[in-house]
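First chain A sits with chain B, and in the next complex the same chain sits with chain C.
Up next is the complex of A and B:
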């Protein structure tokens, strides 16, 4: 960890104030009563005391629950369309957890695909992510089973590691290194770096929930057509959609008009494959049955998305386990997917 | 099937924004059946009128401002660019709003999206078109495309049916194809009425009776799922291999560009990877939710 610097926690408010001059700065907060990333309001860094992770994932800063795509109004010349103003200021998301930063790279694959999404891309390309390694993961976290970890740096520009009274900072991209260099931080000593490594290793040990995801795509495909199997798995699901709406890697959306033909907006809002209406057509619905929707959600993350982008679309943040009202536990379900028999073998 | 390379597909973005529609004007409305209308439209932007191209089988996202957007295939032929057309059955919110529009009304259009029919692979082939009801909409684009380049193709058989004589769409096309000696049209209805003197029978049965040869042939099937389900076995019986059968799949769609999620069948997105698939491709999909 050559080039690491550090900052005292008590000096953090000052650093954040400094960054908030240059960036639209988002930090963990509970001002709404719900843990989420909100715009930094000044001096409050009390989140360092309570913050384990937000309930609303930071994807909301890039793919908001609801957003205006454009507005329209009709005048004598006909319909006039107007795009919302571009945000001039760069965003800085402070203390994003490694699982959630990595999740954004999973969304990037979709939104940066051949037809780039102008709204997502506009925000994402102008954003700096400052990750905060986990020291106190939840019991429901399983990041280490899906290629991530409590100090994983994929997606972040700067990684912070908690070593007690101080945070060790390390730039992991050019933009991150430059930002640190210009922030007047002091150099971390060898001893600091040693403590950071120990802190990271200790956190890793605390992620005790494990899932064996080897051959998972093939294993899911092997049971794909077993209706009884999926009906049993889906039995207690309420189709409430919480697991998808609060998932950092779920991106499904709906497009709807608000207003009248004279004046209105076209909006995008998060949607969920848990809802029957999501796939409903006038004459039929391919996923009217709950077990098909549950199957689609699980298989999208662990079979379909990996077929397209070579990585599991789950970062083990555990929100869908913590926040599910009926305790539908994805790790239990994954553990229960039958191993491939010798004959089937991995594909 | 891996991710489809769509980088070469033509795109006509309004202000560079993939979700921003072009404004188009309804120029003509044709009542096909009591519940189905064809709309001819053209773009307000003169330059786009000149530049816009598409392929038979591609679709667009059409919108009524203040109501919403819905996908429809372009039912006109790229060989006849004097107008663009789409055909709509009145079934939901957007389709009802479209049916309330008059000539001169403005709509939004994004597209063209999807793969379209593999027209180059059809050259030199005997073509068997099988359609039911409003399923003729994507096919008529292809049929006119073929007729306008008639020398490139061999036999053309068109088998088209609807529930009743009143439900037959594109009667003006059926009239011209009936008179056209270079194509063979077989029109049928599930149930006739007092005035109907033509064939009565379901499309798959009529297809079996017509019995087109599978040799050097491609069948293109569009219609309600129930018709498609019964047509494929008949084609197989006639000796068509799964690679020789094409169809279009229909799913609820919002974005049209493989992002919003809902039109997936396993790992494929009907809007981006389809809507045209061969039966061979469909049989190999990881999911049977087609």
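Up next is the complex of A and C:
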């Protein structure tokens, strides 16, 4: 960790105020009644005391639960469209957890490359992510089983490691290094760096929920047509939208017009594949039955998405486990997906 | 009680008296149970009861075909009765395994009291009216009234009245109706504009996951009004206004069916105090019609039964 710097926690508010001159700055907060990333108010850094992770994933800063796509009105020339401003102030998300930062790189594949989405890109392109490594992961966290970890730096520009009274700070991208260089932080000593490494290793040891995800795409393919299997898995699912809407990697949305044909707005809002109406079509619904929806959610994350982008669309944040009203635990389900027989082999 | 439950459940399956067992098994997180829905007699060895069997399992009944044995606390048994009254399930297809319930522990309250998350707590044990919590090597004791779910504090039927097999001695209510309705009382004391702002903020957090609706045994419509698109009653976008209207209509739709089981509020991932709304409706129904859902299996369902000699001209 050559080139690391550090900052005292008591000086953090000052640094954040400095950064908020340049950025639209988001920090973990509970002022709304639940933990989520909200705009920094200039002083409240109490999250250092309570923050393990947010309920609302930080994806909401880039893909909000709802947004206006354009407004329209009709005049003699026909329908006139008006786009909302797409290039917003640069955003800085402070203390994002490694799982959630990595989740944004998973959304990037969809919104940046495959279908360039001006709304998402407008917020995301110049955004800075400052990661805060975990020191106290939940018992529902399983990041180390899906190729991540509590101090993983994928997606972040700056990585912070909590060493007690101070945060060791390391730039992991050019933008991150430049921001640190201009922030007047002091150099971290060798002893600080050693403590940071120990802290990271200790956190890794605390992630005790493990699931073997090797060959998962092939395993899911092999069991795909087994209706009895999926019915049993889906039995207790309530088909609510908690696990999808609060998943940092789920990105499906619905589009609705509001107003009249003369004047109105077109809006989009997050949708969930757990809802029967998600696939409702005039003549039929291919996923009317619950087990088909449960299968889809699991296979999207562990089979279809990896086929497209070569990575699992789950970062092990554990929100779906913590928040599920019936404790439908994805790690138990994954663990139970039958191993491949010799004949099947990984595809 | 647990051993007896396991034996009964196994023998019901073995003797072909039921096709399904619905109960609870240990969950994957600390102090958590999870629904067990099975046809396999060997699974019955995993059945549990205790202070953490939070779910109201009755809404799984309408998803299963065949005869079903279901583990039911007092409140759950009321929901089952209500479903029978609404002809959603047949009494003769159900074997109710009644569990006398002295109240369920609300982990959020415990978390608040010890300022730790549930996975940081070592042990929670209940001995009659006292709940001891071990955290960081220290033992702390709380009166049950401080850590049970709000709706449990005002529970009117801890022991099921309608059952086939009762798995334990009848237990008496906690009897703390005032504490049970603290949030509601606070809201009623607010001036209307303050209360309006309160709900505006609360419903501003709603993400329209519909967990409140989907856990609710009284919300059994095959297609909910929010999913109608012609006409579209409500936009699916989670604006606070639409969220509030959704909840208000849902509340009116379950009037006379809601048993105050508290599942809507418990399932809400963004902590909206939904039970304040449903409980107020429950009290209004009790006031206006002297009707409490699920208490009397012989009673006609409140808002769907029609008599020729109706008092009101409106629907005659």
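The rule is simple: the second predicted complex is superposed on the first by the 342 of 347 C-alpha atoms of A that agree within 3 Å, B and C clash if a C-alpha of one lies under 4 Å from a C-alpha of the other, contacts with A are read in each partner's own complex, and residues count from 1 in each chain.
By definition in this document, contacts are C-beta pairs under 8 Å (C-beta built on N, C-alpha and C of every residue); 3 or more make two chains touch, one makes a residue touch a chain.
As the structure is a prediction and not an experimental result, all values here were calculated from the model.
K.L.:
In the superposed model built on chain A, check whether chain B and chain C fit or clash.
P.N.:
Pair status: fit.
K.L.:
Looking at the overlay, does A:331 come into contact with chain B only (first), chain C only (second), both, or neither?
P.N.:
Second partner only.
K.L.:
If you stack the two complexes on chain A, which partner ends up touching A:256: first (chain B), second (chain C), both, or neither?
P.N.:
Touch status of A:256: both partners.
K.L.:
Anyone got the angle at chain A's C-alpha centre between chain B and chain C, nearest 10 degrees?
P.N.:
Between chain B and chain C, as viewed from chain A: 90 degrees.
K.L.:
May I ask you to decide whether A:103 touches chain B, chain C, both, or neither, giving the answer as first, second, both or neither?
P.N.:
Touch status of A:103: no partner.
K.L.:
Based on the superposed arrangement, let me know which partner A:307 touches: chain B (first), chain C (second), both, or neither?
P.N.:
A:307 sits against chain B, while chain C stays out of touch.
K.L.:
A:156 in the overlay: touching chain B, chain C, both, or neither? Say first, second, both or neither.
P.N.:
Neither: A:156 stays clear of chain B and chain C.
K.L.:
Quick check on the superposed pair: does A:322 touch chain B, chain C, both, or neither? Answer first, second, both or neither.
P.N.:
The second partner, chain C, only.
K.L.:
Return first, second, both or neither, reflecting whether A:117 touches chain B, chain C, both chains, or no partner chain.
P.N.:
A:117: touches chain B, not chain C.
K.L.:
Considering only touches as defined above, state whether A:78 meets chain B (first), chain C (second), both or neither.
P.N.:
The first partner, chain B, only.
K.L.:
Looking at chain A, which partner touches more of its residues: chain C or chain B?
P.N.:
It is B that touches the greater number of chain A residues.
K.L.:
Touch check for A:65: first (chain B), second (chain C), both, or neither?
P.N.:
second
K.L.:
Once the two structures sit on chain A together, report how near the CA atoms of chain B get to those of chain C, whole Å.
P.N.:
Once the two complexes are overlaid, chain B and chain C approach no closer than 5 Å between C-alpha atoms.
K.L.:
Show which residues of chain A both chain B and chain C reach, each in its own complex.
P.N.:
Overlap of chain B and chain C footprints on chain A: residues 254, 256, 271, 280.
K.L.:
Residues of chain A touching chain C in their complex?
P.N.:
Counting only chain A, the residues touching chain C are 32-34, 52, 55-56, 65-66, 136, 138-140, 235-236, 238-242, 245-246, 254, 256, 258, 267, 269-272, 275-277, 280, 290, 321-323, 325-329, 331-332.
K.L.:
Could you pull out which chain A residues touch chain B in their complex?
P.N.:
Residue positions touching the partner: 69-70, 72, 74, 78-79, 81, 83, 110-111, 113-119, 221, 224-225, 251-257, 259-264, 266, 268, 271, 273, 278-284, 286-287, 292, 296, 299-300, 303-305, 307-309.
K.L.:
Inside the complex, what are the residues of chain C that reach chain A?
P.N.:
These residues of chain C touch chain A: 27-30, 32-37, 55, 60, 63, 117, 119-120, 201-202, 204-205, 207-211, 213-215, 227, 235-239, 263, 266-267, 269-271.
K.L.:
Could you please specify the touching residues of chain B with respect to chain A in the complex?
P.N.:
Touch residues, chain B against chain A: 2-3, 5-7, 11, 14-21, 23, 44, 63-69, 91-92, 95, 106, 108, 224-225, 250-252, 254-255, 257-267, 286-290.
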